[in-house]
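Chain IDs A, B, C and D follow the sequence of writing; residue 1 opens each chain.
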Amino acid sequence: MKKELFEIISNDIAAENIFKMELSGDTSAITAPGQFINIELQGYFLRRPFSVCDWEDYKLTIYYKVVGKGTAEMSCMKPCESLDVLIGLGNGYNLAASGDRPLLIGGGAGIPPLFGLAKRLIEERKQPEVILGFNTYMEMFLVEEFQNLGIKTTITTADGSHGTKGFVTDAMADKNYSYIYTCGPEAMLKAVYEKSISSGEFSFEERMGCGFGACMGCTCRTKYGNKRICKDGPVLRKEEIIW
Amino acid sequence: MVDTSVELNGIKFQNPVIPASGTFGYGYEFAHWYDINCLGAICIKGTTKEPRFGNDCPRIAEGPSGILNAVGLENPGIHKVLDEELPKLRHIYHQPIIANISGFSKDEYVYCCAKADESPLVDIIEVNISCPNVHNGGMSFGTSPESAGEITKAVKTIVHNKPVYIKLSPNAMDIAAIAKSCEEAGADGISLINTFLAMRIDIKKKKPILANVTGGLSGPAVFPIALRMVWQVYEAVRIPIIGIGGISTADDVIEMMLAGATAVQVGAANLKNPYACKKIIEDLPSAMERYGIKSLKSIIGGGH
Amino acid sequence: MVDTSVELNGIKFQNPVIPASGTFGYGYEFAHWYDINCLGAICIKGTTKEPRFGNDCPRIAEGPSGILNAVGLENPGIHKVLDEELPKLRHIYHQPIIANISGFSKDEYVYCCAKADESPLVDIIEVNISCPNVHNGGMSFGTSPESAGEITKAVKTIVHNKPVYIKLSPNAMDIAAIAKSCEEAGADGISLINTFLAMRIDIKKKKPILANVTGGLSGPAVFPIALRMVWQVYEAVRIPIIGIGGISTADDVIEMMLAGATAVQVGAANLKNPYACKKIIEDLPSAMERYGIKSLKSIIGGGH
Amino acid sequence: MKKELFEIISNDIAAENIFKMELSGDTSAITAPGQFINIELQGYFLRRPFSVCDWEDYKLTIYYKVVGKGTAEMSCMKPCESLDVLIGLGNGYNLAASGDRPLLIGGGAGIPPLFGLAKRLIEERKQPEVILGFNTYMEMFLVEEFQNLGIKTTITTADGSHGTKGFVTDAMADKNYSYIYTCGPEAMLKAVYEKSISSGEFSFEERMGCGFGACMGCTCRTKYGNKRICKDGPVLRKEEIIW
């Protein structure tokens, strides 16, 4: 965990209400895909948490959906503006558990961290496959980037405007996988949990006071005791989750 | 060289800056960010007799210049705190430790305070009779002079070795009367304030954001009210005051001390910026020079 | 087309947005900025029996997301207000007028309310038992259920033609109990909240900024507390509530109505931006569409 | 009175702790020298009032002293940033009352409005003379500008580091004048009031809630009743002042 200044490299619309922001700054605090950053916004008391989509030395990418005042304000930011960021937050996904053919399942604004994960799984010579769920065609993002990694990419849309009509779970049935990594709305996580035949890891969201474990603002119950989503999570192992 | 040290009940603090209960974990977690030995003292998370999960999530919401929390006193219980958490903290930290004791009954306060009194790791006991986030909980003790005095008396009867500070709720009409009642019942000091009962509604879902419906507001938004309460209590009592509420800069510390605080606690600011206390402490000397203050001790109540 | 109209005690408001007492002069001054007939209603500056200069200056200080004022009920007295100020307002303005009546004794409240009741220019009487800025003044009436009920009863005995709203102080412990007591005493509605007793100290001069030492805090900072109070009062009474405190956007209006307000007042926001009320009113329809609200009336208390 | 967006043209240091800021935008609401503007600053609830030093179509100048957080923040602003400004506030000085040889007396941060006044008096073929009081040499500003108007400019400094040692009142004794216009710290105004042999106008400061007459935050007593410094002032006639 570090507190760093980042500079906006680009901040462009990627799909309906979804923006891609590239930031430059010290990324050395990131230790695993699935971790997040917490961004200070002028005029707002709380920072805003976003999953790291991808990173390299001195550069990282996030994708964010405009859902409220803070994200609306972010969407107006310009290159060269700087942001105060807490980085390297959360546990992130455990790559070692993946097995050979992990299945990555993402829904909407939960998709970004799976991209960084997929890249690193490939680097470790695994064969990940991915299911991406969207509401509708207009909200699709990151699809090409996944395809460019050369991995099998299945799309579902709730309204059938692209790919399989339905939810990500509708595309799970015929898959053969060693492990599941997933991130998305809680209802989706739960459906995936119930449908999944392997072990896996589930990334959760919660409103956060600090994002680094100080305030107990984000605690959830697990089979192995209380866990703070921000510090002991956001990724929980399937075995510990209590719904 | 300016002198930032202050003294509470004979205990010397190298500076008046104390992270507030509930915003600094058990302290050792912040050692990741900086050497916490620069702090004046540490006030640990509110502790009850039994372990508590606290409230359901969401526990956090936002307001202009402030945060709402409804954590609901999540903690592992007084035994684990004294036996496991505090030793971890003491291992790396050599300044005073303030134990924040919460409860749901007079007996519970007494039980926990007695334990804290016995522990060699606790320097000051802060009795939180002001938590707005638990039902039938602390806050009701802190909103009338009578009940505040009663808890104080009960606790003072069994605590023999350590100063007892009573932490008051701002959700009270006459804070000075409550403080006075605590003083008369033997309190060694007053901490104020805890959070304001507040809420937010999610307009999209048309439901309260917090699972607990209401939560406690703190942060810069409440600073002018906290300052006024410290001012009033300073005029009502002679025991030292720890000023709390919205402090986020060295200037805020000085303003709070001018109102009558001997030391201050910094809460919400730690959550926004993990370095908040460290930065305030580093900024204090130059702020003091700017305002011609040689010794912080000398300005306590200096605005009156 | 969305419907922004609301109704208070049979009086139709084209929208729920009312500039709050003390932040909008006598209304006509704002005609310089825009056509004030777009407003839901206007609430005029607090009025007493005799003319008052108010407190010495400085009367204004600043807090994070808020303003402190210690104006102290400067006004030319009820006679001049009814005979000179309101006719000037009525000349250019055709929506409801709310007279805000303040006082230092039961007799004074009764006297002024009787006058306001007789005046054809007043549509609603708002009795301010919550001003924190005058000594021995209104606020003490507003901090206990008994005294609040007593003033309400006295006023209701002589007001025959107009709805009476009692404006409550947030510096009270149990706002719902006070509101209930007013309802039982015959109040036609509740306005809440007035300002929070607060202060600031000038660090350079080491003295309070306000000549009056303390003042009332309002503005966005207090919104989450005001919202909670409206929520609690809504659960306690059946008469309509005018929600006040930190409102500065159309979203705030909607949130306040979900908590239980039938209409809202906008105070401090007018001072920062003279167009604040107009902008909120213009923004309401699109905000309603965004959240799928067809009629504002339908969301009152909808968060419960 | 209008609410307008202005853009910063320049924002440079003019003396120790004193900055000169030039703004471009619609100045048509200004009706007299001595009026002020009220600037919104991000992160502060209240606007900050500053006297208009000089103005023309679409341009105005202010000088401000860094005394607190707001002015410190202003000193870091850059050209092209825009500011939300209320303009044309207050009554301003009455030029018609000046007589032929008005004396202008300014102290420190109270000097700026006298410059716009002097220019307009000259345009009306009056012969203004000016006394400028500073604490010390390092804090002197606007002196050359006054001299370039071709008017007699007397300087006093409290520490004697430039011009006459002492206060503005020490330089008043030998002057012959038809009317006084003055602006500065209240102690100075009072001293000038007591020493002045003619009628005149005095510009006051007060902490303001609105700046346009709505809140009664700035009311003072005068011999002719209560006046709001922001709307009925900031300029009061000598005859009405109660100290």
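One rule holds in what follows: a residue touches a chain if its C-beta (ideal position, glycine included) is under 8 Å from a C-beta of that chain, and two chains touch if they have at least 3 such contacts.
Molecules present, by chain and UniProt name: A, D = Dihydroorotate dehydrogenase electron transfer subunit; B, C = Dihydroorotate dehydrogenase.
All of these numbers come straight from a predicted model, not from anything done at the bench.
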Subunit B (Dihydroorotate dehydrogenase) to subunit D, fewest steps along touching chains: 2
Separation of mean Cα positions, subunit D and subunit A [Å, integer]: 56
Whole-Å gap separating subunit A and subunit B (Dihydroorotate dehydrogenase), where each centre is the average of the chain's CA atoms: 36
Mean-CA-position distance for subunit C (Dihydroorotate dehydrogenase) and subunit B (Dihydroorotate dehydrogenase) (Å): 34
Junction residues of subunit C (Dihydroorotate dehydrogenase), two or more chains touched: 61, 63-66, 219-220
Touch-based graph of the chains, sorted into line, ring, star, complete or other: ring
In contact (per the touch rule at the top): chain pairs: A-B, A-D, B-C, C-D
Sites on subunit B (Dihydroorotate dehydrogenase) touched by subunit A in the complex: 22-25, 29-30, 32-33, 45, 53-54, 57-67, 69, 71, 74, 209, 219-220, 268, 270-275
Subunit B (Dihydroorotate dehydrogenase) to subunit C (Dihydroorotate dehydrogenase) touching residues, read off their complex: 61, 63-66, 68, 143, 171-173, 196-201, 203-204, 206-208, 213-214, 217, 219-225, 227-228, 231, 246, 251, 254-255, 258-259, 291, 299, 302-303
Residue numbers on subunit A that touch subunit D, as the complex places them: 42-43
List of subunit A residues in touch with subunit B (Dihydroorotate dehydrogenase) within their complex: 1, 3, 40, 44-47, 86, 206-210, 212-221, 226
